Every structure is written in structure tokens, then in C-alpha cells.
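Two complexes, one shared chain (chain A), two partners (chain B, chain C).
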Partner chain A sequence: MKKIKFSSVYLVLVFIILYIPIFYLIFYSFNQGGNMNHFTGFTWAHYQELFSDKRMLVIVLDTFLIAILSSLFATMIGTFGALGIAGRKSQRTKSALLTLNNVLMVSPDVIIGASFLILFSALGIGLGFGSVLLSHIAFSIPIVVLLVLPKVNELDPALLNAAQDLGATNWQTFSRVIVPYITPGIFSGFFMAFTYSLDDFAVTFFVTGNGFTTLSVEIYSRARQGISLEINALSAVMFLFSLLLVVGYYFVNQYSHSRRQKQRRHAKNEVTLL
Partner chain B sequence: MAAPIIELRGITKTYDDGFTALSNINMTIEPGKFYSLLGPSGSGKTTILRLIAGFTNATTGSILFEGQKINDLPANQRKVNTVFQNYALFPHLDVFDNVAFGLNLQKRPKAEIKKRVLDALKLVQLPGYANREISEISGGQQQRVAIARAIVNEPKVLLLDEPLSALDMKLRQDMQYELRELQQRLKITFIFVTHDQEEALAMSDEIFVVNDGKILQSGTPVDIYDEPINHFVANFIGESNILPGKMQADYQVEFVGKTFECADAGMKPNEKVEVVLRPEDLDVTTAEQGKLVVTVDTQLFRGDHFEIIGIDDDGNEWLIHSTNPVRGGKHIGLTFEPEDIHVMRFGEKEADFDARLEQYEED
Partner chain C sequence: MKQTKRFFMIPYFIWIGLFVVAPLLLILYQSLTNNQHQFTFQNYVTYGTSSTYLHMSLNSLWYAFLITVITLLISYPAAYFLSKLKHQQLWLLLIILPTWINLLLKAYAFIGLLSRTGSVNSFLTFVGIGPQQLLFSDGSFLLVATYIEIPFMILPIYNAIVELNPALINASRDLGATNWQTFRRVIFPLTISGVKAGVQAVFIPSLSLFMLTRLIGGNRVITLGTAIEEHFMTTMNWGMGSTIGVVLIVMMFIIMALTNDRRKKRRELNDDEEN
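Our next item is the complex of A and B:
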């Protein structure tokens, strides 16, 4: 008989504990009864309610719009930031810049949110879509920098010399050698920024103002008002979506690998044809 | 002598921290020849190459390309191409696109690019590899791709920065032949940086021996091997027995307490010198017939020869290369011809050395 190792039992147990609350929530989203105490029967009613809720749909779209726009801008700014940090000659400047970047990563969202609120009101910027977008861009940049930087550091300076040697201008070296090389880092930066923006609550809560809200803030306020299983349905949909994101990210990572495999097959065919 | 294609005049290179990488480098490179920059690591040979390529700037002095000063010309406008030490192939491009990189930048017509790239790959003996990824080919093949990527642009000068150092012994020897052949076929100038003296001797028309940021000696491989200018060069190029000696008169030198006939002249009487005897010039004979008598210490079989270390009565170590092993008797005699002795003066500069050689070789 195969002996079951303690380590694998432990692993399974940890994952069960981590996932049980989510599945509990999803399970009751199909409950006919109006609460999470007794499961009385299966129904799609909460989902129908959710999809007919116009206000909720607008919030979902807004949330996604914020996530896409903020992660796009943050990816661009963060990538140039990573290139800038890596380009510093002195090691001390480099680590100082990196530390400044990391402090933003680890400082509590509440403080960042509060400071944005103070900044926006001091500058007279109205709270709403714009303020949420700006703050999401801001807190996503350090994430992008952190994910792109290792790729930039990995870049062999001889590659840049080689490009120049072959006649490339600075811009051509950038667009044809640097960017393709660090693209995997840029992709992970983008995905990470996207998920951070999508599920951010604390910062958003400070800077939404009236009339504009995102999913996480909306779920919070509805949960406070009382139990509605529509929230469960919404959570289930969002969980499904994040699953899709993870799978999508996995495939993007595999993309270059599979492309190589394809080309190898292609090359083999060519050789046999010759 | 053809008009030089590259000239370095009084080049020095000092870094911000005060480190002098090169001091007063003068070089003349003629078209169509194979040059080697030979020196230990850290000697500055790669810095010279990077100066010519345009990756770094000289502190003083001028670099001329076909008579035009190019100190301030950026690397991407110089008519030279480089083969890098670790190849520096673009990992995100396949073999074809790597080789086509320069031509694509020049926006050549598609058909021309295709033809030239495939021709270049054929030239480096990699036909049929166009669609491979860089990660899929071996080190030796990457080396060839790097060469193809450089020569496809038809540079006037090809710079090679220790391109063979990462290859195994056998492949390295094959590539030496191929590089030499390629250079003669293309008739472009090669400047080859290496720390491997065998490589430099085998391939070059001319060698520059570099150490501590200075060019110590330049000349054909035979000249440098037979007539090294000083202790460093004699030691670095090939193996040698170097002994202190005294020049008694022209063609007469004293070392290990004996006087020998030699082929060198033009020095002061009783001048202190160093004497070089190459291990392969020493012939083993019986103790009675030998000009020198040594006691065999160790004997190693090196495949194509035996390497014998003998110690003479004064305690000097002698390195001897012999095709036959020494059998019986620990005492052996060594003989050599007067021409086998090479005498080096202390602190002689290359110009003085050449002048002296010319002077007594005439009569």
C-alpha cells in the first residue's frame, strides 16, 4: 500500500481551508431561500436578478474600464521606470530608486487611499471616474516596475552593442531588441496591475466620491445593507472570471514556447523537403 | 604597402576612476589581412576592439578609417561589424532574422535580403538552418550564425572578440581553419582578439602582443615566436627556457657559466641580457656529447611529444620537448644550434629592437 505523506495531506488541507469559504458563497448563490442558513432548493433566480440589475451592469463595466485603462497606462509608465532604474550607472542610485518603489508596494492601501483623497481635494480635482483612474494608475506602477525590472536586468548589454553594430539607431535598438526581450515581463506586469485594479477596495473607497463606484465598493456597501444572495451570484461570476484570467495568463506564458515548437516542426518539414 | 584602412594614433583610454586601460596605442591596419590582438585577460585588447567598433571613446588620440577621423562617429554608422564573445544573438529572433537584422534596418528589398542571408548561411556552412530558433542550435552553430550576421552586411573590417573561447578544443581548431579560409575568400580585414597564443599564431598575418594597455610587439607569427622582444612575450607566446646571461661580444653569449656561439649582435660588450631557448629546439643526446648536462626530473607523455623537465648542476630548470622518451640514465646531454639561442635586452623598445635586428642582419 502506498503510504500517504504528511506533507501532501497538509497541502490538501490548506487548500481546502482556503477554498471552502469561496465555494460556500458560490453554493448559496443557487439557494432558493433568501439566506445562507438553509439550502432549500436550486435556483438561477439570483443570477437573473443580477443580470437584470442595470445599475450593477454599469458598475461592472466601469470597473473593467478602470482596470483596463489603469493597467495600460501603468504598464507604459512602469516599463519606462524599470528601464530608467536599470539604466542608472551607480548601484546606490539604483537601490535607492528601487527602495522608493518598494515602499509604495508595501505601504498600507488605507494610507495610500487617504493620501490620494487629501491630494485630490487639495488640488481641487473632483472625485469620480478620473480620480479613481489616476489613483489606480499610481498604485499599479510599482507593481509593473517590480515585474519588468528582472527582465531588464537580464538583458545582456552585448545585445544592445550588437544592435548598434548592425546599424540600429537608439530607437531601433529600443523597439527591435529591448522591447521584444522584456515583453514577458511587460505582460506579467499588465496582468498583475489589471487584477490589482479589479479587486482594489481600500484605495478606491477613499476616492470614489458620489455617483461613481466600482464592484468591490458596491459589494461592500450592499453586504452592509443586509444579506442579498445577488451578492453571492456576483461573487460567483467574478470568481469564474478570475479563473479565466489565470488560465489566460497561463496560455500567454505558454505562447512563446508553443510558437517555438511550431517553428521547430516547420523547420523539420523544410529539411525533409530539401 | 597598401593604404591603411584603420589607423590608431597615440590612443589612450583612462576611466573615471583613474584606471588607465590603454596608453599610447599606435596601430596600422592594412586591408585584406588577418590581424590578432593577443594578450592576457585585462590587458586592454578588447578595449582596442571596442574603440574601433565605436562602443567606447578614446581619452586622447585619433582613430582613422580610410584616412578619415572617426572618433565621434557613432557605432551604427561605422563600416565595421563585430562578432561578440558570447555571440550576442537576439534570442527572440530565429536564425534567419538574426542574420537579416542589419539588412532589415537598411530597408533592403525582401528578395535581396533573402538571397544574401541564405548565401551568408551557406558561407558559414549552415544551409537549412534559417528557421531554427537560437536556443535550438549548439554553441558552435551559434558562433557561425554570429559570423554570418556580421559578414552579411559586407563590412570592410570584421572585428572578432574572442569568438572561439567558448567552444571545445576540437571545434575550436576546426573553426580556426574555417575563419582563416573565410577571411581569404572574402578578402576583408579581420581583427581577432584572443588570449590563446596558438590561435593567434595559427591564423594571423600579423600579431599585436598587448599587455598592461601597451602594445609590446607586433609582427608576423614567425617573427614574434622566434624573436620575442622581452621576457613577457617569450613566456606568453609558446613555452620557453629563459635564463639570465651576459653578452660577451657580438655572436657570443655567456649563460649557465659557459660561453656559446649565437646569432645575435649589436649590444654593448658584457651587457646583461636574457637568453631564450625554446623547448623544441633542445635535442637530447648523451651526457658526453651535450653542450649542457641535466638530470631528468619528470617526464610526461603529451601525445605528440614527451615533455621532459631536467635540472642542471646550477639548479636551473630546463623544459625539453622530445619526440622520443628518455630511457635509462638520469643524466642526459642537451645540444642546440647557435640560431636556436635568442638574446633579449632588458627594456628594449620595439623600434630599437627592429633597428638593431635590421642592422646586423644586413651584414
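Our next item is the complex of A and C:
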């Protein structure tokens, strides 16, 4: 009994440590005083300041545009990549492709950023929206592949054979059998790519140039100048947004999970009926 | 079927060529040239003979090691206790949630917490220790880096613990092993793959956290990442920056080789079984 208590205390401590900085930021975003030390009174002023800050608004929109576009492209390319890798017959080709796929997963951000910077300058691509978008697509593809691949591997070849025996065209097999089956993987891939893009600082920092900024880079340059409670307000908004994303992701997962279980139960019932 | 599949895979192969292989080759090429685009080993010679660079690299390794060890010590018990809870999915989400908060915002929070007039110092004054210089110190860098890496260590260890067959633990208990023996001889060896994955996920990024050394460490701690950023963005010496980058890549491969072998072997075993 005592042991369980110790473990709960330990976990509670870990959770407190994990969340203190975040709630600290949010708490002081309502502070009338201009700093994060003494809470002098409640105010929405920093939020008003944030929402009327045109420059910040543009940066937020740009960040989301990059995140959505890059995760869409990465999901498409990555899904086909996963299908292709799974379709390889030889184990050696498969693992070689997977190794190449994982290079960007394990490389430190700084290396990705620096090497992409060299790449863009070698190709003569100017730094800005385009280079940031390309980089985000590039570093999101491997995570999509890794999340879709297990689903593709689970796919029973008998299903594909059945579809083709029943006269489905390649396209029909693909759109009616393969895609519905791997959709949960595609969704998770899209989600992860999206959050990767929103979160990224280091790679963007290298390839962004002067004219274009994303939220992370903006926070970095403002944080270097010192504390401004507008950033606290921003972090509160972003925290709420992450919470929504996580909850949404959780329910999507739960939903597909329970639906699968229902289907399985359904199938079982049918079998027993037979 | 084959033809169309190949067609749809073209973008993926372009990606591999352009964004995986080419950047690696380019960074290697860049490290072997000077500012006049001439082939030279000068960068490596400079790196190998300069005590500043060598000292910086060792320092960076040492800090990454410290961060990894501290994170591991905190995370293993947390992951273990977590695996014993009800509603694990929910708790797991709560562990993951902070990783979805922008890293810069978390660093920014610590600037507030640790600053000279910040909350931690107020507390220290209240307790009677008096205000300390917390920000811009080695300790603050360690603290914030550990804080950021904890979830990345907990998750793989948790996954490994959940995969553990409870029958093995019961068997060990039935055979008279104490809790500590069970942990040392059964649980830990069987979850070492999770630990290795965690070490890999923490150690490599810890070598390159340049934003933290700038914002929290006040440039007192220089990691390999900081040096690369400095050479690429400030002094514009891409050759030297790439050289340090190659060093970082080599270290990355060493760490991966050290942390990967066991799992690979096991995967091969599994493949054999399937065949």
C-alpha cells in the first residue's frame, strides 16, 4: 500500500514539474504589471494587444499556412512512400529505404537546417516562404511514412486478392480497400506532420531569411530582447490550441478504435449466427 | 499496377535524393572547401588542432551526457509507475501534451521563472537563502534541457514496460526474487530497448540545443549546435560550420550504433521466426 502511495506522489511531482512553466506563463498573461514577478491585478490587456498586433497576426497566419500545406504534401508523398516501401519484395531494399527514410528523423535539427541552407543556396532557391515550406515538407515526410507503414503492413494480401478477383480495377482496389484501411495511419501522420511544422524552430531559423518569419522564430527573437507579456498571452492561446488538437486527436483515435471493435464484434456475431 | 505504383512513388524518391542524400553530401563537400571553393582539409586540421574546438566538443558531449543521465533517472520510475495506473491513455496524453507546446515558449517561461527578480528567487529570498544568479548559468541550462527532454525519455521506456509480459514478473516473484532482484534481473534487462531508444531520443538533440544555450545558458555553455549556428548565421564561415556538422553527424552515428544493436538483433530474430 505504501509503495503505491510513493508512486503516486512521484508521478504527481513529475506532472507538476511538467506543467508549472506552462501555467506560470498563462497565469502571468493576465497580470496588470508588466513583468512575470508580481501579480498586481487581472487584465485582458495583453490579449487585446496580441489580437490587435497586425504583424503578429500575419505571422500566425503564415505559420498555419505553412503547417497545413506542408502536412498535406508530406502526407501525400509519405503515404505513397509507405505503400511503395511495403510493396518491395526484398527485405534488403526495404530496410535500405527505411534507413534512408529515418535519416531526417534522427538528425539533429541544426544539421537539417544547416544542410538545407547549403542545398537551397546551391540550387539558387531564395530564402523565404518557399524554402521554409519545402523544408517543412521534407522533415515531415519520414514521420508520415513511419505512421502509415504499420497499417500498410497489417493489410491482409487476401483482401487485395479478393478485391481483384471480384473485378475491382487498380484504382478501385486502391480507393475502396487500401485507403480506407490505412486511413487511421494517414490521419496520425497528418497530425504529427502538422504539429512538427508548428513546433519547428531550428530548421526554420536556418532557412527563413530576412523577409519571412514563423511564430517560433518570432518568439525567439522577442525572448532574446526580454520579457513581454504579449508572448504570455500568445502562449496561453497556443496552449488552448494544443489542448484542442490533443483532445481532437484522442477522440479521432478513440472513434476509429471503437468503430473497429464494433466491426469486429459485428463480424463475430455474424460468425456465431452462421 | 506496378507501373502506376512506381509513378506515385516518384515524389518520394525525389525527396530521398534531394532532401536526404544531397544535404548530407553537400555538408560533407562544404566542410572540405574553403571560402574560395577550393578543396582543402584545412577545416578539419583547424578543428583537430584547436583546443577551443576540442574543448567545446568535449563540453558539449559532457552536457549531453549529464542531461541524458538526469532525464533517465527521472523518467524510468515515472514510466514504470505510469504503466501501473488506470486510465493510462489519458495520463500518457498528459505527458505528451507539454511536448506539443512550442519549445521556445517553454524556454521563455524559464526566463521568467529564473530571472533575478523571478519567482524562484522570490522563493529563495523567502526561505532565507537570498537571491542567486540562476539564469545564464550551467545549471539553468541543464535544468531547462532536462525539463524539455523528459517526455521524450518517458514515452519509449513506457512503451517497453507495457510490452513486458507480466507473467515473467509473476514467475520471478514465485521463484522467490525480491522486488529489487525482479527489477534488476527481469524488468530492467527486458526494457533496456526502451531505455536505449530514449537515450537516442535525448542525447542527440542535447548536442544541438542552440536556442537554449542562447536564451537560458547565456552563451556560457557552447554546444556543437551553438557552434554550428554561430558559423552559419553570424560569422558566415560555412566551411567550418559544416566541419562541426560532420563531427556532430559522426557522433550521432556512434550513439546510434551503441543504442541500436540489440533491437536490430531482436528484429532479425523475429524475422527469422516469421520466415
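Things worth noting here:
Just so it is clear, the second predicted complex is superposed on the first by the 249 of 274 C-alpha atoms of A that agree within 3 Å, B and C clash if a C-alpha of one lies under 4 Å from a C-alpha of the other, contacts with A are read in each partner's own complex, and residues count from 1 in each chain.
Note that contacts are C-beta pairs under 8 Å (C-beta built on N, C-alpha and C of every residue); 3 or more make two chains touch, one makes a residue touch a chain.
All values derive from a computational prediction rather than experimental measurement.
Of the two partner chains placed by the overlay, neither chain B nor chain C lies in contact with A:A96.
Within the superposed three-chain arrangement, the count of touched residues of chain A is higher for C, of the candidates chain B and chain C.
Contacts of A:V12 after superposition on the shared chain: neither chain B nor chain C is touched. In the superposition on chain A, contact is made by A:D156 with chain B only, not with chain C. After overlaying the two complexes on the shared chain, residue contacts for A:V58 are found with neither chain B nor chain C. Of the two partner chains, chain C is the only one that A:V246 touches; chain B does not reach it. When the shared chain is aligned, chain B comes close enough to touch A:G167, but chain C does not.
No residue of chain A is contacted both by chain B in one complex and by chain C in the other.
Considering their complex, residues 53-55, 74-77, 80-82, 84-86, 88-94, 101-102, 105-106, 128-129, 131-133, 135-136, 149-150, 153 of chain B touch chain A.
Of all residues in chain C, those touching chain A in their complex are 1, 4-6, 8-9, 11-12, 15-16, 18-24, 26-27, 30, 74, 77-78, 80-82, 84-85, 89, 91, 93-98, 100-113, 115, 117-119, 122, 147, 150-151, 200, 204-205, 207-208, 210-211, 214-215, 224-225, 228-229, 232-233, 238, 241-242, 245, 248-249, 252, 256, 271. Against chain C, in their complex, chain A makes its touches with residues 4, 7-8, 10-11, 14-15, 17-22, 24-25, 28, 35-37, 76-78, 80-81, 83-84, 87, 91, 97, 100-101, 103-104, 106-112, 114-119, 122, 134, 137-138, 141, 170, 195, 198-199, 201-202, 205-206, 215-216, 219-220, 223-224, 227, 231, 234-235, 238-239, 242-243, 245-246, 250. Contact residues on chain A toward chain B in their complex (touch as defined above): 156, 158-159, 161-169, 172, 176-177, 180-181, 183, 260, 263-264, 266-267, 270-271, 274.
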